[in-house]
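Both of the next two complexes hold subunit A, though its partner changes from subunit B to subunit C.
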Partner chain A sequence: MACYLTTASHLALYRSVLVVLVLLALAAPLALGIGFLGALAMRSRNALLRPLGTLYVSMVRGVPDIIFFLFVPFAIDQGVEYARHRILCPDWDQPVRQGNDFIVCAAAKMPLATDPAWVHDLWGFLLALAAFALVFGAFAANTLQGAMAAVPRGQLETAEAYGMTPGQAFRRILLPQMWVYALPGLSNLWMILTKATPLLFLLGIQDVVYWARELGGQKTGVYAYPHPDWRVWYFMGVLAFYLLLTWSSQKVFDRLMVRMSHGQATAGGEALRRAGA
Partner chain B sequence: MKKLLLSAAILALGTSGALAQSVIRLATEGAYPPYNFVNESNQLEGFDIDVGNAVCERAGLTCEWVQNDWDSIIPNLVSGNYDAIVAGMSATEARAEVISFSQAYKLPDPSAYMALAGTDASVMTEGVIAAQSNTFQADMVAETSATLVEFASPDETIAAVRNGTADAVLADREFLMTYVTDSNGEFELLATVPSPGDGVSIGLRQSDTELRATFDAALDAMKADGSLNALLVQWFGEETLLFD
Partner chain C sequence: MTFESCAESFRGLILRSMGREFGDRLLPRGLEIDTCDQVFLIASGLVWNVYFATLALFFGFFLATAVALGKASPRAWARKPAEAFVFLFRGSPLFVQFFFIYEALVLLPREGITLAGITLDTQWTTRAWAGALFVLFLNTSAYTAEIFHGALKAIPKGDLEAADAYGLTGFAKFRRVVWPTMLRLAWPSYTNEAIFLLHATTLVFFSAFPAWQQMGDALYYANYFAAQTFNPFIAYPLVGLYFILMTLAVIGLFGAVNRRLNRHLPREARARFRFRPQYIR
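The block that comes next holds the complex of A and B.
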C-alpha cells in the first residue's frame, strides 16, 4: 500500500496540489490588478479609455469562460511566435498560414523545440496564468467599479470641501473605503477561481482533478498495480482538499471583513461601533 | 511544482539547452492502454511509444514526447506546438482534411461494442452507447438510431457502461479486449463492426511533407525487417493482424 501511494505518478498528484496553489496565489493578485485597471478605465472621463474598459469587461463577462480558456492561450502563443518570426527570420519566404497549419521558422518557436520539457511546462503555465488573469480580471473590474460607486457621495464631498484634489480624494477617501463594498464580490470570485483549476487540463497542465481521474480510473493488466475503478476514493480526497481550501479562505475573508468594516458607515461598521461602546 | 523550482534554479545558472540538433516533438494522449498510457513511474508507455521511439531511432531524429488531451490534440498540432501525433489515431477521411498521415503502423482493427454480460444485442440500435468524443466511433454511433453519449477520455466510456449510464461502449476492439479479459466475465463483446480508414497512422501537419517522407521510410524499414510485427505481438498478442 505504501509502495502504491508513493509511485512516481502519485508523487505527481501531490505535486499537482502545489501547482494549483501556486497558480491561485499568482492568478488572484494579477486578476485583482487587471480588475483595478479595468475599473479605473470604466470610471475614466477619457473618451478612449472608458469604451475600452467597458468593452473588455462586457466581452469577457458575456462569453463562456471555456472559450476564453481555449482562445487566449492560443492567441498569445501564436501572437508571440508571429512577432518573433517577423524579427528573427526576415528572409523567410513561405506564408505563416498554410491551409490549417500555423508555421513559423524554427528559431521563432516559443519555446524552442530544443528546449527541455520543463520550459514547455513553464510556458504552458504562464499562458494559463494569463488566461485566468484576463477572465477573472474582467469580473473583478466590474466588482471594483461597483464598489467605487457605492462609497457614499457625502464622503467625497467632504474631501472636496477640505480642498483635496480629485486624485487625493480618490487615494485617501475612496480607495480605503471601497474595499468593504468590494469584499463580498471579490470573495465570490476567489471561490470560483479556486474551483476553476480543472480547466487547466485543457491547456495541458495536469491539475489535481486530472490526476485523481487518471489514477482512480480502472487499471487493466498492462499496469503494474491493476485495480478496479477507484475514482470515488480519489475524488473524496479532492473533495476534502477543496473544502479545506474554501473553508480556510472563508475564515480569512471573515477576518478581513471585520477589519475593513471598522469606522465605516455601513451596518457592519455600526455593529462594530456598538459592540465596542 | 518541483519542476518549476528546478527550472528557476537552472535559469539562474544560465545554462541553455543544446541548440545544435533539432528535436521532433511527438504528442500522445497517455490514456489509451495498451496503445499509450501513463505508468506508475509517471512515464509514457505502450505500443505507440515503442513505435515512435523506434521510428525516431531509425530516422536518426531526436524525439521528445508530449502528453496532450485527446480533444485538443489536432488543434495543437496544426498550431505548431508539436510535430506529430502518435496516439493510436486512425487515418480517417475526416481527419485527413485537417492533417496528413504517414503510412499505417497498425492495420485497421475492427471496432466492437462492449457491454455488461447478458446485455441484449438490441441496445446497439435502441440503447444508449458510449464513445470517446472526436473518434470515428462517436460518428458511427451518431449515424445509428442509438443514443450517443460522449466522454472526453477512454476510461470514462468504460466506467459509463459499468455504472449503467450507457448500455454499451463502441471502441477499438483491441482496446476493449483487455477490459473484457480483466473483468472475469463482467464484460463481454456484443458485436464487431469494420472500422473506416487505412489503419493507425502517425498524424502530421499537411505542410510537413519532409517529415512524413522520413517517417514513411522508417516504417518501411521496420515492416521489412519484422520489428514492427514484433512490437504488435508484444502489445496486442499473437492474434493481432500483422504486416506481410
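The block that comes next holds the complex of A and C.
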C-alpha cells in the first residue's frame, strides 16, 4: 500500500496539490490588488474611470464565470502572439487570420516551439492565473467598493473637519476602517476562489482532478493499470481535500473577524467591549 | 452569408441540442461555420441550461425546505444529518461533485439491479439529463437550505407569538405563519441562488458527463465553435450575451413573485432584491 501510494504518478498527484495551493496563494493577492484598483475606479469622480470600473465589474458578474475562464486565456494567448508578431516580424505580409487559422511567424509563438516543456507548463499556468485574477478581481472590487461605502459618513466628515485632505482622510480613516466591513465578503470570496480551483482542469493544467482521473482509471491515455475502476475513490479523496480546505479557512476567518472587530463601532466590536468590561 | 444560408442554419440547428433527429446530423465544421451557425446553435443549447435549472430548482425547493427545518430543529437526529448535508455540498466544489457522483453511478452494475424479481435498468443514470440533474438538485438544495435556515432564524418573534395567541400549533402554524414569512424573507437571496444555479448549469458538459450525440448546452457549443474556428471572440461573447438576457428574465420572474409575497406590507418595509451572487459553487 505504501509502495503503491509513492509511485511516480502519485508523486505527480501530490505535486498537483501544490499547484492548486500556489495558484491560491498567488491569485488571492493579485485579485485583491485588481479589486482595490477597480473599487477606486468605481468611486472616482473621473468621468472616464468610473464607467470603466463599473462596466468591468458588472460584466464579469453578469456572465457565468466559466465563460471567462475559457475565454480569457484563449484571448490573452492570441493577443500576446499578435503583439509579438507585429513587433518581431514587421515584414510579414499575410494576414494573421486565414480562414480558421491563426498564423503568426515562428519567432512570435508564445512560448517558442523550441522551448522546453516546463516553459509551456509555466505559460499555461500564468494564463490561468491571469483569468483567475481578472474574474476574482471584479468580485473583490465589488466587495471592497461596498466596504468603502459602509464606513460611516460621520468618520469622514470628522476627518474633513480636522482639516485633512481627501487623500489623508482616505489613507488614515477610510482604509483602516473598511476591512471589518470587507471581511465577510472577502472570506466568502476566498471560499469561492478555493472552490473554483478545480476549474484549472478545464484550462488544460494537470491539477488534482486530472490526476484523480488518470490514476483511478483502469486504462487511460498514459497507462494501463492492473486495478479496477478506482476513480470514485480518488474523487472521494479530492472531495475530502476541498472540504478540509474550506473548513480550515472558515476557522481562520472566524478568528480574524474577532481580532478585526476590536475597537470598531459595529455590533461585533460592541460585544467584544462588553465581554472585556 | 446570405439570408437563405442563415435561414438554412436556423432550420438545421435551432433544435439540434435535443438530438440528431431534430436537425442536421453533423455539426458545421471548419470553414463551413458562419456567424449564423454560431448564433442559432448556441441558442439551441440554452434549452439544456433552462432544463437543468428549472427542474433542479423545483425539486430542490422541497428538499431545501425539509433540510432547513431539520437544521433548525432542536432534535439532534434531525439536525446533525441536515448540517452534514449542507456542509458536504456547500464546502466542496460543484465541479468535483459532478465527477464524484458520475464515477459512483458508473460503478452501478451494468446489467441492472434485480430487486424482488424486477430488474431496474441503471444505464440511464450516467446520462447527463438524469445524473447531472441529480447532482444539481442536491447542490442547490444545500445552498437553498442554508438560505431558508437563515430566514427561519430571522422570522420576527412577534409573528410567532401572534400565531401562538391565535392558538395555531403544529402544521397549521407552519403553513400559515412560519412558511410564508420564511419565503418572504428568503426570496431576495433565493433569487440570487436561482441565477447562479442557472450559471452553474454550464459546468455539466465540462465535467464528467459526456455530451451524447453532441447534444450539449450553450457553453458546450460555444467551446466547440471556439475550438473549430480558433477564434474565441464571437462564440464566447455571444453565449455571455445570452446568459445576461436569461439572468434578466430570472430577475423579472422572481421579482413578480417577490411583489406577491410582499403585497401586504407597506412599500418601504418590503424586502428588496439585490444582485448579490454566490458566484461559483
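Simple rule for what comes next: the second predicted complex is superposed on the first by the 268 of 277 C-alpha atoms of A that agree within 3 Å, B and C clash if a C-alpha of one lies under 4 Å from a C-alpha of the other, contacts with A are read in each partner's own complex, and residues count from 1 in each chain.
Rule of thumb we're sticking to: a contact is a pair of C-beta atoms (placed from the backbone, for glycine too) under 8 Å apart; a residue touches a chain by one contact, two chains touch by 3 or more.
Remember, predicted model here, so these are calculated numbers, not experimental data.
*Asks:* After the alignment on subunit A, I want to confirm one thing: do subunit B and subunit C clash, or do they fit together?
*Replies:* clash
*Asks:* For A:L11, is the partner it touches subunit B (first), subunit C (second), both, or none of the two (neither)?
*Replies:* The first partner, subunit B, only.
*Asks:* Between subunit B (first) and subunit C (second), which, if any, makes contact with A:V258: first, second, both or neither?
*Replies:* neither
*Asks:* Looking at the overlay, does A:L126 come into contact with subunit B only (first), subunit C only (second), both, or neither?
*Replies:* A:L126 contacts neither subunit B nor subunit C.
*Asks:* Of the partners subunit B and subunit C, which touch A:L202 in the superposed model: first, second, both, neither?
*Replies:* The answer is both, since A:L202 touches subunit B and subunit C.
*Asks:* Classify the contacts of A:V238 with the two partner chains as first (subunit B alone), second (subunit C alone), both, or neither.
*Replies:* second
*Asks:* Is A:I67 touching the first partner subunit B, the second partner subunit C, both, or neither of them?
*Replies:* second
*Asks:* Would you sort A:D115 into first (subunit B), second (subunit C), both or neither based on which partner it touches?
*Replies:* first
*Asks:* I'd like to know which partner A:A83 touches here: subunit B for first, subunit C for second, both or neither.
*Replies:* neither
*Asks:* Does the superposition put A:A25 against subunit B (first), subunit C (second), both, or neither?
*Replies:* A:A25 contacts neither subunit B nor subunit C.
*Asks:* Which listed stretch of subunit C (168-176, 204-212, 240-248 or 258-266) steric-clashes with subunit B in the superposition?
*Replies:* In the superposed model, subunit C runs into subunit B at 204-212.
*Asks:* Quick check on my understanding: which residues of subunit A belong to both its subunit B contact set and its subunit C contact set?
*Replies:* Overlap of subunit B and subunit C footprints on subunit A: residues 70, 74, 78, 99-102, 201-202, 213, 229, 231.
*Asks:* Given the complex with subunit A, which residues does subunit B contribute to the contact?
*Replies:* 1-4, 6-7, 10, 17-19, 21-25, 31, 33-34, 37-43, 46, 64, 66-69, 72, 75-76, 78-81, 83, 98-99, 153, 155-156, 158-159, 162, 178-179, 181-182, 205-208
*Asks:* With touch defined as at the start, can you tell me which subunit C residues reach subunit A in the complex?
*Replies:* Subunit C residues touching subunit A: 30-31, 33, 87-88, 91-97, 99-100, 103-104, 106-107, 199-200, 202-203, 206, 219, 222-223, 226, 228-233, 236-237, 239-240, 243-244, 247, 275, 277-281.
*Asks:* Applying the document's contact rule, which stretches of subunit A touch subunit C when the two form their complex?
*Replies:* My answer: residues 61-67, 70-71, 74-75, 78, 97, 99-102, 139, 189, 192, 194-199, 201-202, 209, 212-213, 216, 229, 231-232, 235-236, 238-239, 242-243, 246-247.
*Asks:* Flag every residue of subunit A that touches subunit B in the complex, lowest number first.
*Replies:* Listed in rising order, the residues of subunit A that touch subunit B are 7-9, 11-12, 15-16, 18-19, 22, 70, 74, 77-78, 81, 98-104, 106, 109, 112-122, 125, 201-202, 204, 206, 213-214, 217-218, 220-226, 229, 231.
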